[in-house]
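You will see two complexes here that share chain A, one where it goes with chain B and one where it goes with chain C.
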Partner chain A sequence: MRDNRAIISRFLLTLMILLAINFFLPRMMPGDPFSLTSSDVQGEDIVIMTEAQRAYYMEYYGLDRPLHEQFIIYLKNLAGGDLGKSISNKMAVGDMIRIHLPWTILIVFGATVISTIVGVLLGTLSARNQKKGVDRFMMAGLIAFAEIPSFLLGLILLLIFVVQLRLFPIAGAVTPFADYGSVWSMAGDVAYHAVLPVLTLSLTQLTGVYLLTRNTLITVTTKDYIRTARAKGLGERVVWTRHALRNALLPVVTRTGFMIGALMGGSVLVETVFSYPGLGMTLRSAVIARDYPLIQGILLVIAVSILICNLAVDLIYKRLDPRVVI
Partner chain B sequence: MFADDETRSTFPGLLSDLQAALDRIRAGIAKFSIEGKIGLFGLCIFVVMALFAPMISGHPPDEITGDSLERPGAEHILGTDELGMDIWAQICYGARMSLLIGLVVASVAGFGGGAIGILAAYRGGLADQILMRVIDVTMALPSLPLLIVISAFMGPSIANVIFILILFGWARPARIARSQTLSVKTHAYIVAARNYGAGSWYLLRRHIFPEVLPILFVLVIGITSHAIVAEAGLAFLGLGDPTSKSWGMMLNYATSFRSIYFTPYWQWWLIPPLVALIALLLCLAFIGRDLERVLDPKLRARRGAE
Partner chain C sequence: MKKIGLLAVSLALICIAAGIAGCTTQNITGSAGADQADVIRLAGGDYGYPQPFTIYPRGPGSSKVRMIFDSLIEKDEEGLIPWLAETWDISPDGREYTFHLRKGVRWHDGTPFTARDVKFTHDYELKHVPVAGGIEAGIIDHVQVVDDHTVRFVLKEPVATFLYKMQGFMIVPEHIYSTVSDPAGFLAPKAVTGTGPYRLSEYNKEHGSYQFVADAEFWGPRPMIRVVEFVPISDALISFEQGEIDFAGVTPDTLDRVRSNPDVRIVQQPAFWAYEFYFNAKKRPELGDKRIRQAFAYAIDRNELVEKVQRGAGKPGNMGILPDDHIWYNPDQPAYAFDAAKARALLNEAGWKDTDGDGIRDKDGVKLSYTLSLGSDEVRIGELIKARLRDVGIDIQVRALEGRSRDANLKSGDYELLISGFGGWGSDADYLRTRYSNAVTGSTSSVASGAAVYGYNNEALNALAAREMSELDDTKRKEIVFDMQQVLAEDVPTIPLYYTTSYDAWYISRYDDWMNMFDHHARTHSKLTYLERTGIAARR
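Let's look at the complex of A and B:
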């Protein structure tokens, strides 16, 4: 109970710091959304609106008030689910996130499922053939694979499967202006567009799941209850699936939480590679347009979902294995 | 190693301890596997490319020396980009940028963080408690989204990128150095040395520092690759320093070029920085893994258990 409280208080502290960074950072930086600075002309602002217009907009967006007042307003709005209004396209930030978040969730979810299933399968295969050719080959290959960062992997897949083989679409999440005859053809189109982003994200997480499964299985199979199971005459298949794998899966399942967090972060770059219209792509365009509220909103959604995933992992892990001290 | 006698007499103990630690690392390198030696060899090539970039590049990386998007040929061995700048020259200078960022971030975050961790663990008390909270929070903050947003606001410059990477990078080495120090501190020989009247400084440099240094070296290599990836990723998103020549910026320019994928240009514009980055990261990974294996076989188990 006390440990749970420690975990939750750490979560809350991190969340507060995140909110503070999120709020103060944009306001500490030079420039504002109403002046464009050209990199060609050093130190010279291009006038795009008059002082009066500018003052009007500063007031309209509440940017003329003292910082602490702005912060309190920010927290209040946040508590009510209001993330403010996007400066670059006049939509509510909440609405923009609602439009783009499902795409990110789709590829993150797909990658979580695929990398977990494939990782467990490969890990089991490797553990069953420990120290043999298959095991060594997969170990060396997958570990080297893990060193390639997601966006480079994405670029490689893009060059191979889109540019060379022309198997997949180059950008987007659906075929533009498509007229779908049925739900199934639409689902097919969405899946078709999601293949490469999901594949890229899955590959970045695969090695972790694989190694964890393999190493846990190898540890588990030296345990006495495995010997007992064999001694009482159970077949190898039953020993591996019912006794070994079931116990080895515990850490894999808890790892999934961390994985979702890492994938949310990684999707920012991967979405950019494939021009996939999720939160990551939106964050990038918001950064270029200096759209504070939108940047804050997206950062908040991504960061808070990562924090919540980690919190869930900590709490669940504690529950499943009371020996853990965090 | 090559210190003159005067310095030697000022810090005799420190130098010989450092020497011992370096000897251990050198002995470790001699025991590298084929993989590790390939990694080391590859890294040396990149270092040479970076150091002698002006001599081997043939062309300046930021001047127009040819036609736009020339194919690889005798004059431009890897061709030219959209503006007619030599790609091979950009790759050479890019090695400089990647290695510089990796080196600075890793040494400051790795050794600085390590020193903080060692001191906190050695002193204990309130400072240690506070530090642990700070480390916890720093490590819990999602680094990639924050990295993107902070560098977007701080403006595109290499110094900012380095600063942010250090800001997020020091916590892990500090935590590991701290836990390592805590476990070393209770060893009988250290307690004995203290009872014989050894001072704090002596204990730290003679017994604790050499115990923690190997693990820090392994971490430093990890941080180096992480920093290189982060810089390339930020540059790829368009948050790099536009005046600098880095591999990430090359990727950014190439992928933002309209219809790059429908023309053959990607073959000599996109592939070289991609291959260079992956090769460098693989070299570092090979070295890191071998160093880890050689310096301390128990290390892996301990890190796996944390």
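Let's look at the complex of A and C:
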């Protein structure tokens, strides 16, 4: 259990560094939340504040104090569980995150499951048909896919499935003002709205899982224990699932943990394309508005969830592969 | 928002691919459309809880506040009209405005509206500054309640635009707000108790949707739409085509997609949004020479910008600043049609010549070489300007910045040349004073990014501006504003590159009575657009 303690103290140290970066980085961006003078979009309306208004709001949010003082206040509040108040949304950051996080979890989790399962299946298929047509076709196709940036992929899906085929809703996470008869119809509506964002996110990660599975499987199948298994007279099916795949899956598990981080990052773009009300879209608007408390809060949540995933991967890995010492 | 542009381009491609690009233009004649509707859906998005202290500074939050709250004065297509105040008297010295309030007006909770609410709102907002819907500090000395239905505003000095400012001053209920110590955090249902035509029946911050329901007991003109909903969309045009929303702003390059529908009416918006090109004479003293600035005005082809960047959907800028659609636009002012020869002549006259043969003019070892700061969406404008200026011997490096970084530079004066786009060009012409007068005359001070920052100073303009601010007779004030435009057009303190003209499209059969305010481009932002209008203007 010494190992676990080491893991946890490393976790805490990382967290402290993250807190400092999260605090100072947003404040190093030029501008402040109340110095808006140009529209970002043609025709957009903005309220250009007078200096008196600006001074009032800087004081109201404590932004007129020295930075180190603000940092200490931030840490104190954080220790008490208070993430502060969003400047652009006039709402507690904790509440903002509570509202938006579930949507991101939904699509990130969905994308993780789908890309892992489909990736492993395709990777196995490819490895079993190594150097044959199916393998080559999939390799080329999926690698090409991986090169498409997620927002472009999202737009393409949007154009095909929404504009052309009209199969899916264009935006949002639920039908506005809908009155659901049952939990099931609500779940159905949520799933219906989540299809395209999840699909886009999955596709961005699919290639990685696929390649990893395929390549590890090919490496594993040349190992002695596979030959032994075959020599014992085991069927091909058992050899592949019990012996090859099981060993090949170890790196896939690791990758899944790291993938969460990439997916969280990718959700910023994908949520923006689909106007999906998750943390990513909220982060984007928070950065544009220089809403420091909200940026800090969201970055913290993303960082902590990545840390937890990595921690979980470390712990799970140890159980899967007893040889590993962390 | 680049994604919209990308989407538009992709849409255009698909349109061609599907072979429907050849949609023919169909003229829509003035067939009578619906003059009332049960539910109208508009493009939503979260712009904050619709009370004066909690909306966001960006986007159409304040127009949603206006659906619930009333001001003493409202505005229609032509000018100011009485609203909660039926009439008003102005003292001869222009310092006292006595408003006679409408009787029988009640707050949505049934409490009578009185003059005390007006005084309370003013006093309360001295301590708690609203995001929008307030009056800037320093104009009003005090407000006194004369009786239940009469309230007097005493100003520190005469301010010509006082009534204009009052149309944005939203009255909040004393009996609710007097106990609220933090209005910026006041999100209770009670917070949206107003006297206006609509009540907020649903607001979903997470999804950015609002639902407003007409108040059956509204004191004023009958609401013609029972329910107004703002729903989340990702692309207005697609949502409009699919009938999810009943009204949309349409860009010119996608106009053909809706034009073929006989049930869609398309109307051009007034051009009240513009890009301004700034010269910073504090960084580069030669920009203080008006001949150089005039040379820029001749050398930059503003028509080309409109054609190439805006695809024709704009009007080239006037050096007198006010757009053609402004009610006080003076057509009689020096024009600066594209003329490279004239630009070269002016630069020669000012002593700037290319002495070392590198194609860039110089004088006393200084080159006419500048950094032009702009937002990342304005790079195309920057590149076209760069090519044109190069032709007359001025060198430009385009520096694209993220929006807020550019804003920070604009305010601190940390730039040589800069482009910024913003709206409000239809507002009261007093902005010619706050933006270009260097002498801070009186209490309504200049804007933070104005003349003082970039070192522009013209005594003739300062003098006109001082007169303009205190001239209470609108006919005379208009004459002064006309003179100011001539001075500005001669002097070119900045260059308005072009004013954008977008289009509004709506389904005639759903609701056809959309209306503009005289100073604003968006029809959906007008309160009157949702109300029966017969007889309103008659009360002007």
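The rule is short, and it goes like this: the second predicted complex is superposed on the first by the 256 of 326 C-alpha atoms of A that agree within 3 Å, B and C clash if a C-alpha of one lies under 4 Å from a C-alpha of the other, contacts with A are read in each partner's own complex, and residues count from 1 in each chain.
Assume contacts are C-beta pairs under 8 Å (C-beta built on N, C-alpha and C of every residue); 3 or more make two chains touch, one makes a residue touch a chain.
Worth saying up front: this structure is predicted, and the values here are computed from it rather than measured.
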item: Which of chain B and chain C A:13 touches, first, second, both or neither; value: first
item: First, second, both or neither for A:288, with chain B first and chain C second; value: both
item: Touched partner set for A:163, first chain B, second chain C, both or neither; value: both
item: Partner chain(s) touched by A:261 [first = chain B, second = chain C, both, neither]; value: first
item: Which superposed partner A:50 touches (first chain B, second chain C, both, neither); value: second
item: Partner chain(s) touched by A:155 [first = chain B, second = chain C, both, neither]; value: both
item: Which of chain B and chain C A:272 touches, first, second, both or neither; value: both
item: Chain B versus chain C as contact partner of A:60, first or second or both or neither; value: second
item: Partner chain in contact with A:100 - chain B first, chain C second, else both or neither; value: second
item: Residues of chain A that lie at the interface with chain B and also at the interface with chain C; value: 29-30, 39, 151, 155, 158-159, 162-163, 170, 272-273, 288
item: Contact footprint of chain C on chain A as seen in their complex; value: 29-32, 34-54, 56-57, 60, 85, 88-91, 99-100, 151, 155, 158-159, 162-164, 166, 170-174, 176-177, 272-275, 277, 288-290
item: Residue numbers on chain A that touch chain B, as the complex places them; value: 10-11, 13-14, 17-18, 21-22, 25-26, 28-30, 39, 143-144, 147-149, 151-152, 155-156, 158-159, 162-163, 170, 215, 261, 264-266, 268-269, 272-273, 283-284, 287-288, 295, 299, 302-303, 306-307, 310
item: Residue numbers on chain B that touch chain A, as the complex places them; value: 133, 136-137, 140-146, 148-150, 152-155, 225, 229, 232-233, 236-239, 242, 251, 255, 261, 266, 270-271, 274, 277-278, 281-282, 284-285, 289, 304
item: Chain C residues touching chain A - in the complex, by the definition given at the top; value: 1, 3-4, 6-7, 10-11, 14, 18, 44, 46, 48-49, 53-54, 56-60, 62-63, 129, 131-132, 134, 136-138, 184-185, 187, 202, 204-209, 211, 229, 231-235, 238-239, 242, 244, 249, 273, 375, 377, 402-411, 420-424, 445, 447-449, 500, 502, 521-522, 525
